[in-house]
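Chain nomenclature is as follows: A, B, C and D, assigned in order of appearance, with residue numbering initiated at 1 for each chain independently.
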Amino acid sequence: MFTPISKRQHFPTVLLFMLVIASLLLASCGTATTPTAVEVTRVVKETQVVKETQVVKETQVVKETQVVKETQVVKETQIVKIVFGSLPRDETLILAGTASNDVWDTFTLMAGALTNAYSGHQQVAIEQAFLVAAGKYYPHLAQKWEYNADGTEMTLFLTTNATWNDGKPVTIDDWTFTLDYLHTNKDKGVPWGTLLDNTKYRTDGTDKIIFSFFDIKDPTKPVTNWRFHSSIAGFVPLAKHIWEGQDPVTFKNNPPVEAGPYKLDNCNADTKTCIWERRDDYWMKDAKLSPKYIVFTRQPAPDLLTQEMIKGSFDISQLTPKLAMSVVMPKNPNISMIEWPDPCPRHLWFNVGRAPMDDPAFRHAMSLLIDRKKAGNLDNPPAKPMVAEWSYQGDAPDPNYADPADIAQYDVGKYDPAKAAKMLDDAGYKLVNGKRVDKKGKPISLSVMTFDPSIHGAAVNGFPTMMADEAAKIGIEILPKVVEVGVYFDNSAKGNFDMMYQWVCGGAPSDPIGAYNGLHSRYLKPEGTAAAANPGRYNNPELDALVEKIEQGNPADPVTIGYYKQLYHIVTADAPYVPLFFLYQGFPWNNEYFTGPKDQVEPWYWMFQFRGLLMFIDKAK
Amino acid sequence: MTSILQIRDLSVGYASRRTVGLAVTNVDLDVEKGEILGLVGESGCGKTTIAVALLGLIEPPGVIQSGSAQLMQDNGKSIDLVNIKPDLLRQIRWKEIAYIPQGSMSALNPVLRVRQQMTDTLRQHGLNKTEAIERARWALNLVSLDAAVLDKYPHELSGGMNQRVAIATAITMQPAILVADEPTTALDVVTQRSILQELIKIRETFGTTIIVISHDMGVMAQVVDRMAVMYAARILEVGMVLNIFDAPLHPYTQKLIGSIPKETGQHLEGMEGEAPSLWRYPPGCRFHPRCQLTSSICMETVPELREIVPGQFVACHHCG
Amino acid sequence: MERNLKSLDKPDRNPAQFRSTLRNKLQPYTPVIMYILRRFGIYLITVWGAVTLAFIFFHSMPGDPFSIIFSALERENIGRVTGGPEVAAAYKRMLGLDQPLFIQYIFFLRNVLIRGFDLGPSFINFPQGTREVIFRQLPWTIGYFTTAMLIAWGIGTLFGALLGWMRRKGFTSVAIAIATLLQITPVYIIAIAAIILLGYQLQWLPTGQPYDPGLMPNWRDWNFIKNVLWHAVMPVSSMVLIWGASFTLGMRSLMISVLGEDYLTYANAKGLSPAIVLRDYAFRNALLPQVTSLGIALGGTINGVLILEAIFVIPGIGGIFIRAMALHDFNVMQGVVLLSIVTVLTLGLIVDLFLPFLDPRIRRLND
Amino acid sequence: MINFKLTIGILLIALLLVTAIVGPLITPHFFPGEDPTEVGAYPTLDLPSPKHPLGTDILGRDAVVIIINGIRLSLIIGVVGGFMSTLIGVILGFIAGYVGKRTDTILRIFIDMVLVIPILPLLLLLSLYIPKWNIFTMGILLGIFSWAFVARTTRAQVLSLRERSYVDLARLNNEGTLEIIFEELLPGLLPYVILSLAGATVGNMLAEAGLQLIGIGAGLPPTLGSIMGRAYNGGALSLGLYGQLLIPAGILIMVFLALNLINMGLEERFNPRLRQYAEER
């Protein structure tokens, strides 16, 4: 009834199976599956040669010229490396990044797809109204903007000759459709979903959209908004004929129909590689788009990446500057570093909702415990200590926006444990047998939330430990708490921290409002529920008032600028957060095929800013 | 009668790190053709070791110290079973000397059907498949088992049936000698009897010489013609079973016989002390610590087997 | 018993008798059937329990994926996505995450059982479904690790058998020492060593990546397949090294215990040639427990792959799992865990149910 | 008679313990006037030099010193976790094995459940929410969720033990359950308990190291695993800092080797008792 399995039945099968596998492996050994180089012939120059003949007759001399058109073509052949199947290396820009996500067939800026930062879609396929690069605006889908006298309206002048990469023209209908479409879907996490909350638009002809701004509480009441252009600059209209009737969340937009200069060739989820090809019919004729192909691919583990960079397989990668400078650059002369200050300065935030962080004196004391210089030196290139949110390079801040007296008075960015101890004594945090106690007499024990060195560098990871050592000397226990990115955002949004490292973005030197409005009490949420900003639960009517004034004032207006000093005073005096340092990012760039961008441009090739970077990349001679 | 097997001065031991403990010490024994010889003794006295040695199954740490066991073949040639080349040994196994294992339940391979276990030997000795199966059926028939057993696994059979299968397997090649090691242990009395009768039947049918190894005097009484009493790796007494039962000469044998219940209500005398382990045998006569006749000589010199009564050999200083 | 046996051989045509013979036929196996039913019941309970455990565990995790994702988005692309918390709330409503846990549990069970392993959308890969994300990458995991496991098993069983058979030879001790050393080395250390030596120093083998980035997956193209295999050499062989070693040692000890059995002595006494003894008696008897260990090992695969996939950049389940963890995408985590639970337990069940059919000894135990 | 394997194993472990305990006391003398473990004490990722035989790590600490401390931390994690899991495992396994019947079935199902859920990484994730997060909490968490294997082996042992004749004897002399447990069973169980403890300890060490290697459960003072992980993910090889990757790895292997040697040695000593345990592993 039950027959026992016999060796003859399954034993050789195992053997056979192994043999097959083994032979396959052997067969596959050492076979190069893709051609690595081909000979191509390129037309180098074409010249027209004019031939002139003279015919002499007895009677008269007739000089006739007959023009013989013939083209003489000088050809030269050269060896070109072939990469990614069929792409000539010298026309292909290869960007290696830490691509990690699993969505490789969806090309939208919506919801989860937004976490797909390495497909290249938002870098080279989409077209924005203006490109912002190195602080300048470059007109693309829009030409210029004009505010009316009192700044309650802004007129946006559209580009008329733009076309989608399926050939259809980009019309004002696409714009209006997109504005409404995004607004109706705003609770699905679409970009600019809340744009129309306090703005209405009307069109004028086929090339003008006029936005007018109103109070979010009372739509009839117009308000001024001199910064609207900065929020609309990166606006990406959607193709109406593609998107109409689609659900922004589930629609894949594959192949992507966009107005940008590059078309999708293919994407591969297994190797996390996407290949983009330049549009022949790109509408902006004078645009400088040196690479014919752009490849976004995943970079291997550091040691192997180092090898690849030495071989020049990639044009840019997120190799650590240390490796790039000490290992790669000596071996490969074509590699140079692009270094630039990260525009988002790093801060130490206090959870003002919790004691003793609710006491400004305590916050200042904590700030004094941080040896910013020493911590900064952990990074390479070193992070520079800073004294104002927007003062790039850590230079002395622009006196128009900050009062040097404040900096001196509140020793911004100073390191002075002794003084910290004294401040704490004065503020009544007494030393009880070696431990400092808070107002309730409990020994103080706080945590500082930060990242692993692999995420934002060693300085960011190291300073809490240094702080802890200093704090221990004056009797306060500080636990550095290194967390995963997800946990970090969760905790910071919900105010579930004592102190944390965080960055503040949007503090443009000319108009650093972005550095302050994150402290406005409009973002205030009780601890435990996620807040969009103001993670420290800071609440200060004075600051709110100033922020609102600046937001409505014209940045060019000296009065507005005047407010900044007061704002800076409040922030330095009250210290809801204290500045740490500017990080200097550094990436190796391979100049063999394409010469790198200038240093002042941020090579954020994992974000839409890369589109601006493209303008600074030339083909190597 | 001619002896078919002559064991001379056989010593088998088990090697430890330092010494070798002898489980069989200088044993001399003749087995007559066609007789049933009983090898009796307490467990651990070395009787099974003898069987194992005869079958050439001694494996490390076991070692054959000395001695020989000449097996007379029909063609008059004789083979020494204890030092023999492996391949030759393999040939004569089962053809000349077969083996009925102790506790055949564990001796049969649980994952093979009886058919295969019975035939593979035959195939090994050059029968083809059909012949082999025929022979197996015939053998089973002989031990009064149904041929259906062939398609069963050992665990599907009762203990008795397993034992019969073992016997059937043993006689498939009609060997000259059959070594039955404790053929009846772990069987109920009824089965015991029938198994023993099978043995007798086999002897009568083929005139096979059978060596029955057992600790059970009852078994001896039932089947054996001649028996050899072993104690502490030595043979103490050899003789016709009837004589020994009537007049045991060696004190040890006397005690063994004495320990068999005869009629109810009779008081059984036990044996004080216990058998020595093979690592430390007492000098001289190995039984002397438990013997009531012990005298100084017993402690010094080893008694030889001497023929006291015709056909009855005893190794004791105090007999006759 | 005997009569019963006869009836097994030639069943009567007479219906009444036939029925009785049928009863007779079934009668000896009723314990087996009972055993099967009982074992299956336990299996179902365990699966259900484990899944529930996992569900509760995941849903009681503090982090909530949407606020993480959107607060991340708000910080990453400035001024584009706004109103994070509201959006997060909207999504939670949409996916019923605001429901009480019990309701969610009911829905979860319904989706998994009725809608065929539907675990809802993956949060980080929204709107992609968890099922799609997992099943797109599962083949890689299976392809790599199951293959490696089978090869390791085959090699290990052979070596183990030989080592056991020649247990008295001196040289085996060397082999055993090596095997032990390999077996105890954490697999990730071997992996890294292989990458360093073969991939980084000598640059003989590709490390990580399923195939050259340039290639387009096309399973009809021999070149592509060759490339995939070429890339598989290092991961697979390093796994085979480790697992093969442990299988070898396991098989060896099995062989040795079998070689001590009475029936081996008996087989020798029967004058069988060593080849047959090895094949039919020793190997055969040691093989079945070895099959069990294979089943169990295969079950453990998914748990074992986390680190290896991360190290060898294989687009498999492990990678998904780790990423999902980083952003608390507990639908995906749940899917992976569910998958591994079911695999492990099912393989365990198969082993328990079918081994008795393969190995009469166990059947005896059950009766 | 001394057992070779046993001796070597014990020696290795002893060596490790000595390094872990004495090391931190000695190392400061090599760095007079400075704290080699202080963040930013030296330039980061320095190449090996007489002063720093293994160079410095990414936070500018002396690699040798943090590896020595790493041994200590890893051992603490391992031991704490080991005790935790052995405690839970032995108790549950014992109950399952001794009480038997339905209790056994239920407990066995429960054990299987826990065994099949790959719960460790999730746990480390959760751990990041624990406010006071240090190696002890880490060890305890590891322990709490790695007891299932111990439970299973213990159960098997108890099952085989309670069938032993002397236990029946005790029952026949109607000794109390507690007497039976404490006088008959536990002594017999002790070797397995000790081995489970050792096994669980090493198991937890390796698990922690593996997860650290791929960056899960960051945020501890540098254990061997995280040192290895940072070296690997920081391109230590290209920088020429081989030691920072290979030496922690070597130590981990050594620990496991030592344990196995001891295990095998004990087997050879008390063969029949421990063979079954060995086959369980």
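Here is the rule we go by: a residue touches a chain if its C-beta (ideal position, glycine included) is under 8 Å from a C-beta of that chain, and two chains touch if they have at least 3 such contacts.
Please read these numbers as outputs of a predicted model, since none were measured by experiment.
A comparison of C-alpha centroids places C closest to the centre of the full protein. For chain pairs B-C and A-C, the one joined by more C-beta pairs in contact is A-C.
Chain D has its Cα centroid 55 Å from the Cα centroid of chain B. Once the centre of each chain is set as its mean CA position, chain B and chain C turn out to be 52 Å apart.
Chain A and chain C have centres, each the mean of its CA atoms, that are 41 Å apart.
We define each chain's centre as the mean of its Cα atoms; on that basis chain A and chain D are separated by 43 Å.
Shared contact sites, meaning residues of chain C that touch two or more other chains, fall at 62-63, 196, 200, 280, 284, 311, 325, 328, 359-360, 363.
Of all residues in chain A, those that touch two or more other chains are 4, 301, 303, 307, 484, 487. Residue positions of chain D with contacts to 2 or more other chains are 125, 129, 216, 232, 237.
Of all the residues in chain D, the ones that touch chain A in their complex are 38-40, 43-45, 58-60, 125, 128-129, 131-134, 215-216, 218-220, 230, 232-239. The touching residues of chain A, when paired with chain C in their complex, are 1-2, 4-5, 7, 11, 14-15, 17-18, 21, 24-25, 27-31, 33-34, 83-85, 100-103, 106, 109, 111-115, 117, 186-194, 230-231, 234, 249-250, 266, 268-273, 297-298, 300-301, 303-304, 307, 484-487, 489-490, 492-494, 503, 505-506, 514, 525, 529-533, 607-608.
Across the complex, chain D meets chain C through its residues 105, 109-110, 112-119, 121-122, 125-126, 129, 206, 209-211, 213-214, 216, 232, 237, 245, 249, 252-253, 256-257, 259-260, 278-279. For chain B in complex with chain C, the residues that touch the partner chain are 55, 57, 60, 89-95, 98-99, 101-103, 106-112, 116, 120-121, 124-125, 146, 148-149, 152-153, 155-156, 158, 169.
Across the complex, chain D is touched by residues 42, 45-46, 49-50, 53-54, 57-58, 61-63, 180-181, 184-186, 188-189, 192-193, 196, 200, 253, 299, 302-303, 306-307, 310-311, 321-322, 325, 328, 333, 336-337, 340-341, 344-345, 348 of chain C.
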